[in-house]
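Structure first, commentary second.
Per-chain numbering from 1; labels A, B, C, D, E and F assigned in written order.
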Amino acid sequence: MEEIVYVNTEGKRIDGRKLDELRPIKIIPSVLSRAEGSAYIEWGQNKALVGVFGPREAIPQHIQDPTKAIVNYVYRMATFSVPDRKSPKPGRREIEISKVSGEALAKAIFVERFPNTTIDIYVHIFDSNAGTRCAALTAASVALADAGIPMRDLVSACAVGRAAGHIMLDPCKEEEDASDAVDMPLAIMPRTKEVVLLQMDGIISKEEWKKAFELGLKGCQQVYGIQKKALKRKYEEIAEEEAKAIEHVDKQLKEISENPELLRGGNK
Amino acid sequence: MRDDILWELRSDKVKELIKIPQRLDNRELFEYRPVQIETGFSKNAHGSCRIRLGETDVIVGVKMDIAEPYPDCPDEGSITVGAELMPMASPVFEPGPPDQNATELARVVDRCIRESKAIDFKKLSIVEAEKAWFIFIDIYIANDAGNLFDASSLAALGALLDTKIPKLEDDKIVKGEYSGKLELSKKPLLTTFAKINGKIVVDPATAEEKAMDARLSIGTTEETLMSAMQKGGTGSFTQAEIEQCIELAFQKSDELRKLFKVG
Amino acid sequence: MEEIVYVNTEGKRIDGRKLDELRPIKIIPSVLSRAEGSAYIEWGQNKALVGVFGPREAIPQHIQDPTKAIVNYVYRMATFSVPDRKSPKPGRREIEISKVSGEALAKAIFVERFPNTTIDIYVHIFDSNAGTRCAALTAASVALADAGIPMRDLVSACAVGRAAGHIMLDPCKEEEDASDAVDMPLAIMPRTKEVVLLQMDGIISKEEWKKAFELGLKGCQQVYGIQKKALKRKYEEIAEEEAKAIEHVDKQLKEISENPELLRGGNK
Amino acid sequence: MRDDILWELRSDKVKELIKIPQRLDNRELFEYRPVQIETGFSKNAHGSCRIRLGETDVIVGVKMDIAEPYPDCPDEGSITVGAELMPMASPVFEPGPPDQNATELARVVDRCIRESKAIDFKKLSIVEAEKAWFIFIDIYIANDAGNLFDASSLAALGALLDTKIPKLEDDKIVKGEYSGKLELSKKPLLTTFAKINGKIVVDPATAEEKAMDARLSIGTTEETLMSAMQKGGTGSFTQAEIEQCIELAFQKSDELRKLFKVG
Amino acid sequence: MEEIVYVNTEGKRIDGRKLDELRPIKIIPSVLSRAEGSAYIEWGQNKALVGVFGPREAIPQHIQDPTKAIVNYVYRMATFSVPDRKSPKPGRREIEISKVSGEALAKAIFVERFPNTTIDIYVHIFDSNAGTRCAALTAASVALADAGIPMRDLVSACAVGRAAGHIMLDPCKEEEDASDAVDMPLAIMPRTKEVVLLQMDGIISKEEWKKAFELGLKGCQQVYGIQKKALKRKYEEIAEEEAKAIEHVDKQLKEISENPELLRGGNK
Amino acid sequence: MRDDILWELRSDKVKELIKIPQRLDNRELFEYRPVQIETGFSKNAHGSCRIRLGETDVIVGVKMDIAEPYPDCPDEGSITVGAELMPMASPVFEPGPPDQNATELARVVDRCIRESKAIDFKKLSIVEAEKAWFIFIDIYIANDAGNLFDASSLAALGALLDTKIPKLEDDKIVKGEYSGKLELSKKPLLTTFAKINGKIVVDPATAEEKAMDARLSIGTTEETLMSAMQKGGTGSFTQAEIEQCIELAFQKSDELRKLFKVG
């Protein structure tokens, strides 16, 4: 097999990026009309949709926590989102990612304000090329903001890794498959730098780990900037949206005033 | 709960307006919502397409795989259609294996394509009785704003038109390389009607689905042939109504077919 | 492969029937003592049993509909009812047939009279040769009548199809496998001719479809006659049954009067 | 609910009557309900039988299929028994995968047949270590009026006696053709007893099952050998009771065996 | 294949035992701190752990029996406890054994004293060599006593079998695989000799059965002795335990008196 | 319920004591509970180990089996780790398929071993692209008194060190015979920390797990390399805290490794 050159003489990686460079990221909030909050993300080849519901009553009742909202994060991949067709059933990897991602967001959400409820965050990956859990978590945090759920801070995620001895930000699939690969997904609340998600696999020394970790922190801060920009763009549209909303409510009221019998109608 | 009351109000309004006849979103009775098509949505898929039909949002991906042919059709491949009503698509969908609604959706889309013979299953054969192409068509509903049948059928057609056949070497797939496009000899599509207060409309939106008595989906091809029919809902249709729907199905599907340039 | 002659020069089909002829149908209501209503049907080689329960309280409570009864139709096939052994797990075909058949019956039942309940209709196919969903639906409608569940009308079903260019009533398996086969299961409420079940697969023109549809309507009306005859036979037995029932109640009352302590006994 | 109260009353009555001793349906303590046998119930099955034991209604179908033998018995085929308590059979049965009761039923019928050696598994071998016949015996309970064990065992025996072996060509099944009957060297049957208020009865009906403390099923063959035993229920048996049941099992099963003419 | 000598000229079996001899049995109660009652058993090569919980409220409510406690016995085998790796999913054998074992124990427990509750008995086999259901049931009965659940008597179990024409107590795997093997697991309440579990497979005459059954009864009585000894040993430790318990309660009270605010604290 | 209140009180006490800083069971902040190791627990397993870490009780068994290698690693075998939180282990565990917690546990133990490269997957190859050894490592939690990660990792290591490779004849397993020991080039272990009220402790017991904000598990080898990290819980860690944990993980795991003589 031909030797892969992970970093060339000009310090450029396989896909032309520098060691500390993220792939292009595009985030669009409010893309799904039936969800209470949503976001679409493109992160390199990765594509994901997130829909958020809640806080809503936790059902069945016996799962309710009287002290706080349950954060229910469901990460799933489409069958065609990976090189070989994935079974439609959720695999163990998806279950583990759902758990750690939900725990990461729970730290950021003011869960204690919504006892006995769930906040459901549904994530689906439609195309993938390494780093989907970080892309999903980044988008989920924007969808939560879009849903108006009060948070201490956004959660910003990115992975850092190693290939052929080089510590690099946001590795792509080919870099993740290097024989000495290390992969470390990381998520923080950027304002306080608190680490809310941290996983690592691959064999690494303390010193290299520290270098990688600090590069990862920088990456998360960049992601934070992109998230804020996406949300800002959305809030700039709010004046316009609000005008529309007022018009909509007016219309609803008009409907009801014209059809007062509707108010008496059955509420299923 | 608030959400429920709102839909109840809208549904009641739909039933009122249809008497005029008028639709809640001011469409003509036989007018589709705007369609947006985005093919090649997923690079890992062998073919893919995202359809926005109004606010309804559906993503379909195709994967081709090699398997042993069925013993009774040793020189044929086949298609397999799956559908997932993702929980993000509606406050009432729940995570878990496909329910009755998802199963019906997948099977009707399957029959519409399969029976049209748009794909020649014999051309999917690789080695008789040993190896043939099987085409996995997976439908993901991302936002349910009504008429999942037509949106899914559009997205499935779009994904199939986008499908490249993986390259073979010694009858094994070479990853990331392709030997050409999947051949589609026609463009089968579903057209779905709702019966509301005795009136027929095409492409029902959510509030209309909540107001409707029954649903009728008709699969057609450009040769004015039908490949599938499916009545749904707890209401009924008269013969005259069905015949009206058939006429309209040919007409409306021809309009939709024009949205796909290729093939 | 030898060419199959689907319709011979005398206009007879493979099994000797004419194009507009149903296979022999035998329906027996009230065959299962533990069900509240039941029926057994033989339709050509097809054999099915139906048991009906309800209206009974829908459980768990959160599935209850306060405006009407839920019609829960479960269509299943025995493992040995088909040429190759079927898996005991319900397949996608069985799930779809259950859905559309339940919707067909819901139109005929006065569901609005029984809020918060389910009407459970369990159908099992023990032998099959094309047309089982129509046979099952036909029998289910008789079983509902047997259970005394109030209905607008019976639901009568039969399939119509095409083989070798011929439109024919109630196709058998060999006809269903013709290279140009079309299969159209149909169910109506015969008094009003309202179509409550309609499915079709196969490639067909508008004109042929109309011919097929109208042949199907005629078939349904014949099925209606057979259903009514089966129920009439049953009602003729009612005088006798009722006499028995009165005798039974008398016996019960006698039992209780002899053992008054039974009335005080635990009711699990 | 009304149904429950009625069964409660009947069960109490059973416990009262047994003291005389008498049974609710006036049978003798060791008398079976009438048995109706209908073989060849399903043409698609390789063998089938419907049994009515009083109002209890059981349908068994057999399918023979070819599979790889187990590594530790390379020259043998085998049997597989499944049972489904269909929801139509009783107001308390629910749809879904087999529960504890269905599993126990299937396994006890399996052992009664398997251990009797009525079927010579070595004769099911086709190609050693490669191919052998596996016999799928599927039990469907259509109406539960008591004593599913004996009714299922009768129906399984009836279906096996009806079983034709599919014809083979190049070790593959030729559909719809048969090479002969499955050979059964004996007729294993279960005989089931209920202990009610300290008294033993055979063939318990529903009200008796609700009244009983414990159940004992004994599998026997015409050579006065036992092939299976299974105690059920939360009660107990004494040694003397078990020995009485064994004597009776041989006696009653011989009567039942006469109902099958063949074999 | 070489002929196996199941019983040699000195009347000794493959593993050196006599025909009426049990394998060595070791029972230790109270081995799991989180369960309310527990026991560990070694029976020849068989190794099992049992944990008991309850009587505790049966959930969901609709499964509750207002007349008695439900005995929920769950028998499972570890994947590596058998020669070939077992699937982690419970098989049909495990389900049947769970049912008959639970029924056997239900006779011994005063279930009528604890309406609306379940008594959960979880059994896991970690190594096996024939007779695991009897070992498990024997240990479960000790674990129930350890949990302080009132019982009419212990339940004592052992199997009896036949190999090469010899009736023998507590057969091992090799004996169970004899060509003429009979296997009869048996459980009794030893004081009254009531049979609470009885299963048999293999082909056997009435006379041989009686011989086997009576040998089995003797085996169960021996097992009873071992169970009582194990429990006695435990009760001898009770003085010591009780002293510890009093000390523990004192400590708790002290804790609370020092931190009275704890009593007011949330009870999740 | 009483049980719940008690744990609540203990958890509150843990949070109080940690301010001193002190632990409920009087351990040092970075002190493990006593470890008992029993290898060869199950003879039917190819390797097995029972670990008692304080009152936490974990049993791990290993089975080696032959299967076809993955197409992308034709000359390699692999490992598969499963975990079951048995219902006997805690009043809150329920029977059924593995939940999120069991899945996470299994996958973190898997990565700790796999990524350490202690097992050379290439040495598990038997016939390239056809047959290789796959090592099934199944973790059973018998009593949960806290820190299942480290207890499971210790038991998995113990079981692997105990593992004998089944003998092969014509590339098939000869039952009950072995060809030698499985080779482990190093001893990967997890070390788990809990953050309670801003303080870090190692090897948290149940009351401490109930009191903790977050958990950090670090997989290490004797060459002072890390093979896995996993943060759990809804709290967070600072960089300084993580770095402290890394230092301690190397130190504590070296102590634990001494408990295994072999390898």
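We adopt the following convention: contacts are C-beta pairs under 8 Å (C-beta built on N, C-alpha and C of every residue); 3 or more make two chains touch, one makes a residue touch a chain.
Note that this is a predicted model, so its numbers are computed, not measured.
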Report summary line: Co-neighbours of subunit B and subunit D resolve to C
Query - Centroid-based (C-alpha) most distant chain relative to subunit F - result: C
Requested in this report: Look at the interfaces A-B and A-F and say which one is made up of more C-beta pairs in contact.
Outcome: A-B
Report summary line: dist(centroid_CA(subunit D), centroid_CA(subunit E)) in Å evaluates to 29
Query raised in the report: Using the average of all C-alpha atoms in each chain as its centre, how far is it in Å between subunit B and subunit F?
Result: 48
Requested in this report: List, in ascending order, every residue of subunit E touching at least 2 other chains.
Outcome: 266, 268
Query raised in the report: Of all the residues in subunit D, which ones touch at least 2 other chains?
Result: none
Query raised in the report: Can you list the residues on subunit C that touch subunit D in the complex?
Result: 31-36, 38, 45, 47, 49-51, 53, 74, 76, 78-83, 85, 88-89, 120, 122, 124, 126-129, 252, 255-256, 259, 262, 265-268
Report task. Flag every residue of subunit D that touches subunit E in the complex, lowest number first. Result -> 100-101, 103-104, 106-107, 111, 114-117, 216, 221, 224-239, 242-243, 246-247, 250
Report summary line: Interface with subunit B, subunit C side, in the complex: residues 71, 92-93, 95-96, 98-100, 103, 106-107, 111, 184, 189, 193-206, 209-210, 213-214, 217
**Report entry** subunit E-touching residues of subunit F, taken from the complex the two chains share
**Finding:** 1, 4-5, 8-9, 12-13, 16, 41-46, 48, 55, 57, 59, 61-63, 65, 82, 84, 86-91, 95, 97, 136, 138, 140, 142-145, 175-176
